[in-house]
Amino acid sequence: MNFWLLVVVKVLVVAGAVMLPGALLVIFGELKISAHMQSRIGPYFAGGRFGWAQPLADGLKFMQKEDLVPAAADARVYRLAPYIVLISTVAIYVIIPFGPDLTARDLDLGVFFLLAVSSLSTLGVLMAGWSSGNKYSLMGGLRAAAQLIAYELPMVLAVVAVAVQAGTLSLGGIVQAQAHTELFGANIHLPYLITGQLLGFLIFTTASLAELARIPFDMPIAESELTMGYLTEYSGLRFTMFFLGEYAGMVAFTAIAATLYLGGWWLPGLSPEAGYMNVVGPIVLVTKVLLLSFLFIWFRWTWPRLREDQLQTLAWKWLIPLSLANIVGTALFKVIM
Amino acid sequence: MTDSPSDRPEAADGGTARETAPDAGSANASAAAEIAGRVAEQVGATSWSADYDTAKVYVDRDRWVEAVAAARDGGLPFFSWLSAIDWSRQVEVGESVAAPDDLEERYEVMCRLSSVTDASAVHLVTSLPKDDPTIATLVPTFGGAEWHEREAAEMFGITFEGHPHLVKLYLPDAFEGNPLRKSFALLAREVKPWPGTVDVEGMPGATGPSTENVEAAAMEGGEE
Amino acid sequence: MTTRLDPTVAMHLSDAAVSVELETPEMTLNIGPQHPSTHGVLRLVAKVDGERVDSVEPVIGYMHRGYEKLAEVRTYAQITALINRIDWVSGFCNEVPFVIAVERLMGIEAPERAQYIRLILAEMTRISSHLLFMSSYPLELGAPTPLMYALREREHVMDLIEGVTGGRFHPNFNRVGGVKPAAGGGSSTKKVVQDLPSGFFDGTRRAMDRVDLVCDELDTLVTGNELFRARTVGVGIIPPDKALAYGVSGPNLRASGVGFDLRKHEHILPYDDIEFEIPVGRNGDCFDRFVVRLQEIRQATRIVRQAVDRIPAGPLQAKVPRILKVPQGQCYVRAENPKGEMGYFVVSEGGRIPYRVKIRSASFSNLSILPWILAGQLIPDLVAIMGSLDFVLGDVDR
Amino acid sequence: MTDTRTSDRPGPGGGSIIPGIFKGMKLTLKALLTKPVTVNYPLERETPVPRARGVIALDTEACTVCMLCARECPDWCIYIEGHKEHVPPATEGGRVRTRATLDRFDIDYALCMYCGICVEVCPFDALFWSPEYEYSEHDISGMLHPMERLTDWLESVPDPPTLETS
């Protein structure tokens, strides 16, 4: 098959069959879980039972709305920004392994690709904030940029430790490595969360909360301060793209966290080589993704947000030293065991 | 001594309290009189009163700022509010004064200070003539006076000399007039007639269906 | 070829490069009149340098309805209906000082049962107002869930207020000489007495238990949360002397360590018969302002429970002439509104309508400290401080 | 007066090793597992309390067109017109009595502020509060309820609540 055709098909499959349903599911989960956490019912009518079609209905509604471009906006940049954010998120999906053979593209430098691509969204956010021609948007964009840069570092450092322990940069390889963990000569086939990377996991989750701009790190959009920050001026389909990108990003980051620390598509007790893992694997991974997403939703609806300077303090004074220590610890651990 | 308007008790020597509210809280009333007397002495007031549990101390316009500062330092540190009353013979809407002929037209500016350890509180009152409604600002004495003075300025047209930012507070910049002056008519009451003036009984000789009906009914009644 | 520099010179040069002031022009940021954290239509013209606020000029008046002028063309009964809209989240508390001022001018005292009903409903209003603050303040800091918990229990309190007065926000239940004695009945087509409806006492006790429970929940969810503390402790400190000079009153003043509560000093309602404490803060920061209000809710439930136990039987209304004419006189009565000192200076010239009514509303003075306190703060703190002052725009603009 | 200094209070997390942020999470999890309290409005309805001030009902039979309500209304939102009718004497040779009859009794709910003064001042018990609340309109002119509509509300006026005995 033609190479480019294959690329297009793969992207469409990843975006249509994985990302979109995943994002919609998490959006629905957020609506429903937040409601019940607040003693409310939440969506009720759309789709008949439980309001299951609410995210779809919302999406359809947004598509019908006028696509406004403010007069003061830099129209070209303003129009482009949502695509950048969405594309950078879709690109992450390409390397997520759903089973031993279920990866759109198992890159040897998967982790490197992931970190490179995920920071692309920063660019989109900054473009959106700057081009809107709105002071709130500008401040939101700047906050987002400062925040994403600050948290890129601990995230990279946390992932480095995993790469050190696994001895590979390929995500599929990392899953395999977890399935074959050996500690002190004994076969302890457990995910890295238990075998040495607990601290790394905490750092990675914190950093991904910040990357996703979710509470307690949602200052870039902080509704009560910046009235949704860089999203202020967006409407219609372009807003939907940001919205979808946010939740698709959440699915992507939880999937990466699950792959790096929780064994990805593999569960202790299952054979990582068996053919049935191509069926069971996706289910296992999706379950882990949903559990982590639930955790993120749970945080969001319980905690208030931090302040911009407190966030920077947390990143530079705590997370980065800790993640450096984590690398050293992992390296020593690797040598000893 | 300032002018002594009709509703104010004349102070012979230092001040006397007029008879207070008939029965409600007469214990409080005497407490109010005590505070008023004490503050009047502190600030060197011309007279004071304590009607209806409301201690009022009257000071000269020239001594306004130093009187307020003296009262503050004398144990009333809490700045409650500052406002004014327009005493006017001519009232455009609403209630007129009871005895317009005895009334001396003036603006009364008052400022309420209170203690934060007990119930004592006092209104410091001064009078401004209608043709020269200016008074020194209290902003250096109490930071909180800034907004209250801006409000009084736009509502009554009083000028607070030395105020750092005497612009309109509530009203739009282009608004003309001083709404709380008695000469300011209330538009809402001008455009719509009061329903109470309409009476059921038709005026004799007036045309209209209701009158005819009444007459027709009267005719029928007479025949039977 | 590179030129070698003397190491000390190189160091000085690099220092100089770093310490060049980054020139950032000041930006004017209009916060409001339509902004989620301004609680209505308040506008702040802020001069900001990045995230730092250099100066703030509040612009108010978007909600100005001119109550003082309106009161000059209305009868006393009509004014009572109007003034519970000043601070619309604590409507009942707005009515009390006004009717008491008129009662004093007329030399009437309300019967004891009416006074107790006033006290119970005023404290319930305080609970509902504070619960609204408990809900909106964490929301401003980004936590949306306490809102629902607080409103969930507030609903029970509102139901009780509505059961007695017929209105949830605007009770219009106080009358000169007592409380609303009778109104149009049902199919009986007779005026019926508006005494407490049956089940009120039990319902009140149950609601107070629920309010206490939600206070514990809020304690866990909000005050016990390290993130909340990080946002509020030491932020927006109002020293006591500034608070007094700006006329800041109520919980905001008490959070600054001044234990002044008009319920203890002004004997307009029978608070003397009831045991309660006045929560006082120490630092005057946002956290203290929050906790003082939380503790005040607990004290208010305590007051309501006691008042319900000892409410006497008797008439609801003192003898009052049918056409209300108030003798000539001037009277100021203040009361502890949930937001602070609420007072009415009623000037009567002897007719059916007052000559002048000066309304002293708490939020107006509480908000007037904004330019002083916001200068030099960060934008997120601006939101935190503004929210912690707990103002209602209707109470600011009147 | 007791001085309960607030800042010295240890937070709920102060005494224990579990940070307060996780205690809050326990609370939200508990709420997630308990039944919501929402009343699903168009499907479920709360019954308003009998005293609820929903809409004003008019009993035209009792009204004597005395205009008291219109005069006392703070918003001047009641419009009344009427005329006097002479009622024939009940017995032969009796006096001719006059009776006031309503021609118009409109309440403009766009202006009304639901204070209830009119109901209270009515000396002939012609006005009642009904707790009915579903009468919103697409057009503001629809908020002016004419006499017929006000009379229709009469059916929904509930019995007054029984009183607390104390």
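Letters A, B, C and D mark the chains as written, and numbering starts fresh at 1 in each.
Here is the rule we use: contacts are C-beta pairs under 8 Å (C-beta built on N, C-alpha and C of every residue); 3 or more make two chains touch, one makes a residue touch a chain.
Everything numeric in this text was worked out from a predicted model, so none of it was measured.
Student: Comparing the two chain pairs, does A-C have more C-beta contacts than A-D, or is it the other way round?
Tutor: Between A-D and A-C, the larger count of C-beta pairs in contact belongs to A-C.
Student: Starting from the mean Cα coordinates of subunit A and subunit D, work out the distance between those two points in Å.
Tutor: 52
Student: Using the average of all C-alpha atoms in each chain as its centre, how far is it in Å between subunit A and subunit C?
Tutor: 42
Student: If you average the CA atoms of subunit B and of subunit C, how far apart do the two points sit, in angstrom?
Tutor: Using C-alpha averages as centres, the distance is 25 Å.
Student: Centroid from C-alpha atoms only, then distance subunit B to subunit D, rounded to Å. What do you get?
Tutor: 35
Student: Residues touching two or more other chains, restricted to subunit D: which are they?
Tutor: Residues 21, 24, 27-28, 31, 37 of subunit D each touch two or more of the other chains.
Student: Give the residues of subunit A that touch two or more other chains, as numbers and ranges in rising order.
Tutor: Residues 37-40, 301-303 of subunit A touch two or more partner chains.
Student: Throw together a list of every chain pair that touches.
Tutor: The complete list of chain pairs in contact reads A-C, A-D, B-C, B-D, C-D.
Student: Under the definition above, what is the set of subunit A residues touching subunit C in their complex?
Tutor: Of all residues in subunit A, those touching subunit C are 34, 37-40, 135-136, 139, 215-216, 218-219, 222-227, 301-310.
Student: Show which residues of subunit B lie in contact with subunit C when the two form their complex.
Tutor: These residues of subunit B touch subunit C: 7, 21-25, 28, 51-54, 56, 77-81, 83, 85-86, 93-98, 112, 116-119, 121, 123, 142-144, 146-148, 155, 168-172, 179-180, 184, 186, 189.
Student: If you look only at subunit C, which of its residues touch subunit A in the complex?
Tutor: Contacts found on subunit C: 27, 29, 35-37, 51, 138-145, 147-149, 152, 221-222, 225, 227-228, 230-231, 378-383, 387.
Student: Quick one: which bits of subunit C touch subunit B in the complex? Just the residue numbers, please.
Tutor: 60-61, 64, 66, 68-70, 72-73, 103-105, 107-109, 241-242, 244-249, 253, 258, 260, 265-267, 328-334, 341, 343, 345, 347, 349-356, 358, 360, 364-365, 368-369, 372, 397
Student: Which residues, counting only subunit D, touch subunit C once they are in their complex?
Tutor: Of all residues in subunit D, those touching subunit C are 1-9, 11-14, 19-21, 23-24, 27-28, 31, 37, 48-53, 59, 62, 72, 74, 113-117, 119-120, 122, 125, 127-129, 157-166.
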